[in-house]
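Next, two complexes with subunit A in common: one pairs it with subunit B, the other with subunit C.
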Partner chain A sequence: MPVVDVTVEVCGMAGDGTIAAGGLINEAMSDGGFSVLAFDSYPAEIRGFGRCVTRSRIGNEEIVALEDKTHVLISLNDEQARSRVPFLSENSMIFFDSNPAVYVREDKSLVSELDPEAILFGMPFNDIATASAGTTRGRNLTALGCFAAICGAPPDLFRAVIIRKFKSKGEKVLQTNLRSFDAGFDYALENFSNRIKSIFLISDKVGGPKKVLLSGNQAIGKAAIDAGLKLYFGYPITPATPIMEYLATHLPALGGRVIQMEDEIASIGAVLGSYYAGTRAMTATSGPGFALMTELITHGVMAEIPAVIINAQRGGPSTGLPTKTEQSDLHAAVFGGPGDSPRIVVAPSNVAECYHYTVKSFQLAEKYQTPVILLADFYLDNRVENLPMPEASESEKSGSNVLPENSLKGSYRRYEITESGISPRALPGMEGFIFSATGLEHTQTGVPDYSPENHMLMTEKRHRKITGALGDLPSPEEFSSGGKLDVGVIGWGSTFGSILEAVTTARNRGLLVGGLKITSIFPFHESVIRAFMNRCSEILIPELNYVGQLANLIGYIHSKDVVRLNRVTGTPFPPSAILEKIEYLVQVGNE
Partner chain B sequence: MAQEHCVIIGNGPAANQAALTLRENSSDTRITIVGQEPFPHYRPHLLPEYIAGRLSQDDLCVNPPAFYKECGIKVRLGQRVVHVDFNKRELVLDHKEVISFGGLIIACGGKQRIPEHLQVFDDLMLTLKTPADAAQWIEQLSQVDSVLIVGGDLTSLSLTKALLSLEKRVIFMLNEDSFWPVPLCNELSEKIKHMLTERGVEVIKAGRIKRVTRVSDRSLEVETDNKTLRVGILGAFFGMTPNVKFLARSGLDIERGVLVDEYLQTRFDLVYAAGDCAQVYHPTIKDYWVSIGYQNAINLGKVAGLNLLGGMLSVDASPESIFFIDGIIVNTSWWTEF
Partner chain C sequence: MKTKGKVLREGVHRIKESGVFDIRSEALPTWCPGCGYFGIHQGLNNCIQKLGLAHHKVVIVSGIGCAGRSLFFTRTYGLHTVHGRTLPVATGVKTANPELTVFAVGGDGDGLAIGGGHLPHVARRNVNVNYLLFDNSIYGLTKGQPSPSSPVGMKSKASPSGTIDKPLNATLLALTYGASFVARLFAGDPDSICRALIEGVQHPGFSIFHIYTSCVTFDKEFKTWANLKKWVHPLPQDHDPSNLRQAFDRVLDDEFSVGIIYKRTDIDK
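== the complex of A and B ==
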């Protein structure tokens, strides 16, 4: 079985069915036994205003990042697809409409941009779709049919997905799409018979462990439900809205509620209120909404009320780049808000971790009575991976409130100073206990007190509590052969997939390189990070932000300046850029 | 002209030489080659060697794609020109793209000439002009032992040599007009037959092919005026004919090919034709001749390129030049080189 590792892009204008076509490819290839990692890029506007691109990396080995180069480009709009030409690999395959509605000038043509090595498959999408189904609406399916035929992908894989997707929309819609697909498939067989790839997209892993296609947002939504979420409060914002949509679909049937609030301040307020009353709640937002929440997040810190907050980062500042990815809210998540307000911040790096860290966030929030912020990002939220359906054990899902002993009735102190910093939390309704939600500095009993001694004491308590959470937070994960390394690459969030790909390639080339994944952003495992850094001549930290926010946070640990590699392009970090920097650092180190 | 967009239709030897000549003599001209085949410029006369396994596909390639990038020549492959509007100075590709040009060189080459009575068997015959054709030969040769060749142009003789080296049985039906447009005289024809026979080729006189039937995956039955043959492959080789049908309604003067004067200019300003697709006026004989062969195409491409930039070079139309084909003087000694 030949190694398959191919990146397929579908590019069109909003409204062309681009995202739908990409989704069908992902599902068909996943059903076909391949590993799939896919990411869509689309405009902030609803329709007709911008470019949509889906990128699907398909392989028969595990995939951790998107490829830099595209091997197959399916163009549903040539003018838009021109922008993808710089990303094409050598000998890429291009599927395009050879009979567009109007003549196209050279400076607007996709084909005019291509290198001569590109392999062209021009076919009249509109004509074929219309002839087969009486409408051009299925032209994206026609293009997929051609792609499936040329790449040797079994058409039944696609047909099954089309049936799954469109059956609920009625027989007419289903047949339109099936006919459009079949017509494209047949056209390709007839017209490109001498160029059909033999058994290109057939995996030997069909029938293996069942996998599902899941986006980061879906994983977060499912995890929240599995963790016993009862109330979701939110205000729509890209890229977090799909979490609310997922929960709105699934949570009510389980007895929970999804409530759209008037803004993000109200959302976090309601979450704190729910937790104050002892009910698991969550909100999800993005940078601008998170900024609005920060004051109340610190209220949760001060009042020691749990909260689970998903910050699906996007390009900023302000409303910024709603549909572009960035990792520039780390500072805001860790330090945002008034005063010394320690809170727990975690950052999953792939879809499976989105699930497990969300489940974990609920327990952490309850046990440490603090807001827990899960930092995702546009790329992580929207990318889909196929993986075994994630599940959490009963112990992972169970409640972790630290409740006061009955014997404390009458002498209970809500903010009692303890060794761990955790004070048992009484929930409203527990007879004989007092309840507090004050944002003012307070004594152990919750009485406002601004004295220097008390503020020192309570600030130290709150920090001690969060530092103590390290024991429940996953330690950084190292990817290396151990021993001394010329370059150690440290990363977080969605960028770590790109780092891992680059590090793996570098190691395969014989370089002494290792990777360290940090998912516990705050508090972080300083001693583990230090031990890794001490074994590395150079520390490289690639991040999708301008200044290097993780580098700012942990850089001091290294004995010399860490090397920052920062990008704010709005797109996922290309592994090749990291690999190039690794090789440069190794070379400089050897000179 | 230097600032204009010069487009060259075709990607054969004439087209490539024209492009390189333009670049050598005008560094800032925008140059685009539009080739119908998906292959980079290759040496077609070496295809038999490729079939014989003595050359790789890379060996056929004249220049790598990077060469053209370095030269600033845009090469567009697998793209077919379907119409040229000389008044608007635009050409249209088959995917409805419109390209404007200041200067144009038509060097779209030729296509296999199949006599009318054989065209009905098109699906059952192989020809040899492109690497795609060669790939078909290679694939089918792996399954058969014998080949029937009808015609007898230069390519067929080179291919026969390759087939013999592959230890295939070769049957040859030599046709007098196969070396079109150069006619074969009886004397030459007899000498070719003799040479082929000496090499172990079965040269037969069988009249016209009347019927071809596929008997199995590996076998064809070929019925002629006077015999029936069972062979693995049927190959047709009757020379080339200019490939200019797409220009039929463009306003160009076309006979067999595009009619050009001795400077290779068409009736339109800054529009030239070169190579196998051109019929070149010969001032001495006062008639048009059609170029054949690799070297002739290169010579014409160079003249077209220079004249498009303002030169006034006439083509070398001396017999010793135009009949010097692929290293062989056609009508004197080519067969002795076989």
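== the complex of A and C ==
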């Protein structure tokens, strides 16, 4: 079977059913055995007449990033779709409404913008939908029908997904959608019979391990449940809200609760209260909410109370760009808040890692008795990947509380100075271990104390504990042929997929290039990173923030300045931009 | 003749024998001599003892301020949080382990200023937390600035010309927010505090105890002991705490009547 690697976009105005259409493509293609990675972009306003775009990369090999160029554009609104023209590949296929409800002047039409090489499929979506179902509501499905027919995708693949999606909405809605789809499919077969392409025949991988489509947010929610989450406290904020909604749907049946608090401060406060009493709890937020939480996060550090906090980053500062992606909360996550307050920060780079790092966060929080911050980002939270249903082993999920031995009754010291920095933690209800936890500096028994020696000792203890957590944190993963490298590319979060794609392409072109993925942001594996850096002539760190926050954190390890590649476009990092920089650095190095 | 040391030792022995240190920790309270918080604290300790609560099943959550220190002086589990966040943290503790008896403790600054946004929500969720709001109408720990319940015209280093903001009435707010148990009390009467706390702990929902008290160090004019003793008086005999409308009337008409103002009776346990 030939290599399939196609990027399909659906573009329309808010309300056109754009996101729904994109979702159906993802499901149908996943069922067909293809790999799928999809990411939508939509306006912050519900019906702000803004542009909605879904992008799905579909292929029969593993997909790690979105591609820059779009091969197939399905336009539900030409005015909006015109903005997508610069992103089209050569010979792209364009599906558009040849008789839209609102007349579009020729010089304002999508077609007038297009490269003459583009392959056009103009069909009257509106008319076809109305003729088949008596309403234009299924117009997006009609467009999908045309697309499926021309691309050679089996219609039953789509029909099955449509039935799955709409059967709960009643027979009428289901039939409207099915008829609209079928009518589009038949129209395209009839009118474009000589232009059918067999791109999306069912992949030969169908019948392989069953895959599910999961977003990063869904993976985080599922992971929290699998890890034994009992209480979720949160406040709605884009892009973290879907985590709360996922949990609200699934947690109560398992005996847990989702409580929407009055703000993010209350959310983290309740999480700390819950963990103090010994119950696994979590909150999820984005930059503005995270900023509000920082004081209580440092209380967790000081009083040594576990907490799991998801920060789904978005564009900042302040309210910033609520529906755009950015990686600009790394400094806030690692350093945010008053005082020397070391905490654990992890950052998954794909949907499967969102799952596993969330599960891991619960164990780390309990064992090290400290807040654990998981940094996701809009592109990671809202991207959809198809993957085998992630699962955690019993040992990954098991409790990791360090409880005091019975022999300590009567002489128990909650904050005992130990070599590891970890002191046994008693839980309220345990007899013989009564103590007070406080955000004031305190002695080993928990009594407030501001003496110089004590503050030194306790600060050291808290730092020693976090440094020790490195042993339980995954080491950076290297993607290279080993040995000396001209360029080493280091990255984190959603950008790493783009880095991997660029590095793979560069290596295929014969360049001595490697990638290093860092998922343990703090503490980080300094010696592993140093060993990698020492083998590279140049270190490149691409990030979706302006100053290079990871570069600021780890750049000092390198013997010379690291090369930063920063973008704040609100969009995922394009692999081509990284590849270009890699090639430039290799070229300069060879001169 | 007994030496001074012997008198002290005997005194300490007598106090220990009395059982006070079963519940009182040996840490010396950080409050000024004459502070109203001693009385409130005594009421709280007596309540825990009289109810026979196992000390390891009691959690006191507190905020920042003089009131916030209470938990260090009581032998129960304690969680001294940050400024203003007592109620959400207490919500977490109680929801996580409903078998615990949870007290939340804080002052008027903690509960009405920085943490003022949490009171309505803990009240409407009706979380079974017992909240003691120590109201001395002043910021004591930061040395005498006006609080949200200070009277108009209060002069301090931070308000040399006198405050112009109107004071908040915590009891009225609690009723308005839908708190299911509202008591107003006086720090000079630890026995009443103890009795009200016992009833509040047994009440299956959120209970707030708005306690008038005095800052002897920084307030020489307004809520002094002399004034409070003059102003405070018990609720009339015929007050019906199950009647919300009557509770509102009482609180609007009379700022200083103390007792159990309101108690919702229709809550499922």
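The rule is short, and it goes like this: the second predicted complex is superposed on the first by the 585 of 591 C-alpha atoms of A that agree within 3 Å, B and C clash if a C-alpha of one lies under 4 Å from a C-alpha of the other, contacts with A are read in each partner's own complex, and residues count from 1 in each chain.
In the analysis below, contacts are C-beta pairs under 8 Å (C-beta built on N, C-alpha and C of every residue); 3 or more make two chains touch, one makes a residue touch a chain.
Everything numeric in this text was worked out from a predicted model, so none of it was measured.
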{"item": "Fit or clash between subunit C and subunit B when superposed on subunit A", "value": "fit"}
{"item": "First, second, both or neither for A:A352, with subunit B first and subunit C second", "value": "neither"}
{"item": "Subunit B versus subunit C as contact partner of A:P448, first or second or both or neither", "value": "second"}
{"item": "Partner chain(s) touched by A:V528 [first = subunit B, second = subunit C, both, neither]", "value": "neither"}
{"item": "Touched partner set for A:L120, first subunit B, second subunit C, both or neither", "value": "first"}
{"item": "Subunit B versus subunit C as contact partner of A:L408, first or second or both or neither", "value": "neither"}
{"item": "Broader residue contact with subunit A after superposition on the shared chain, subunit B or subunit C", "value": "C"}
{"item": "Partner chain(s) touched by A:A277 [first = subunit B, second = subunit C, both, neither]", "value": "second"}
{"item": "First, second, both or neither for A:L292, with subunit B first and subunit C second", "value": "neither"}
{"item": "First, second, both or neither for A:A577, with subunit B first and subunit C second", "value": "neither"}
{"item": "First (subunit B), second (subunit C), both or neither touched by A:N99", "value": "first"}
{"item": "Smallest separation of CA atoms, subunit C relative to subunit B, angstrom", "value": "56"}
{"item": "Shared contact residues on subunit A - subunit B and subunit C", "value": "none"}
{"item": "Subunit A partner contacts - residues on subunit C that touch it in the complex", "value": "27, 54-57, 59, 61, 71-72, 75-82, 85, 87-97, 99-100, 117-118, 120-121, 125"}
{"item": "Of subunit A, residues touching subunit B in the complex", "value": "96-100, 102-106, 109, 111-112, 114-117, 119-120, 122, 194"}
{"item": "Subunit C partner contacts - residues on subunit A that touch it in the complex", "value": "230-231, 233, 257, 259, 261-263, 265-267, 269-279, 281, 295-296, 299, 303, 428-440, 447-448"}
{"item": "Partner subunit A, residues of subunit B touching it in the complex", "value": "38, 40, 65, 68-69, 75-79, 92-100, 132, 135-136"}
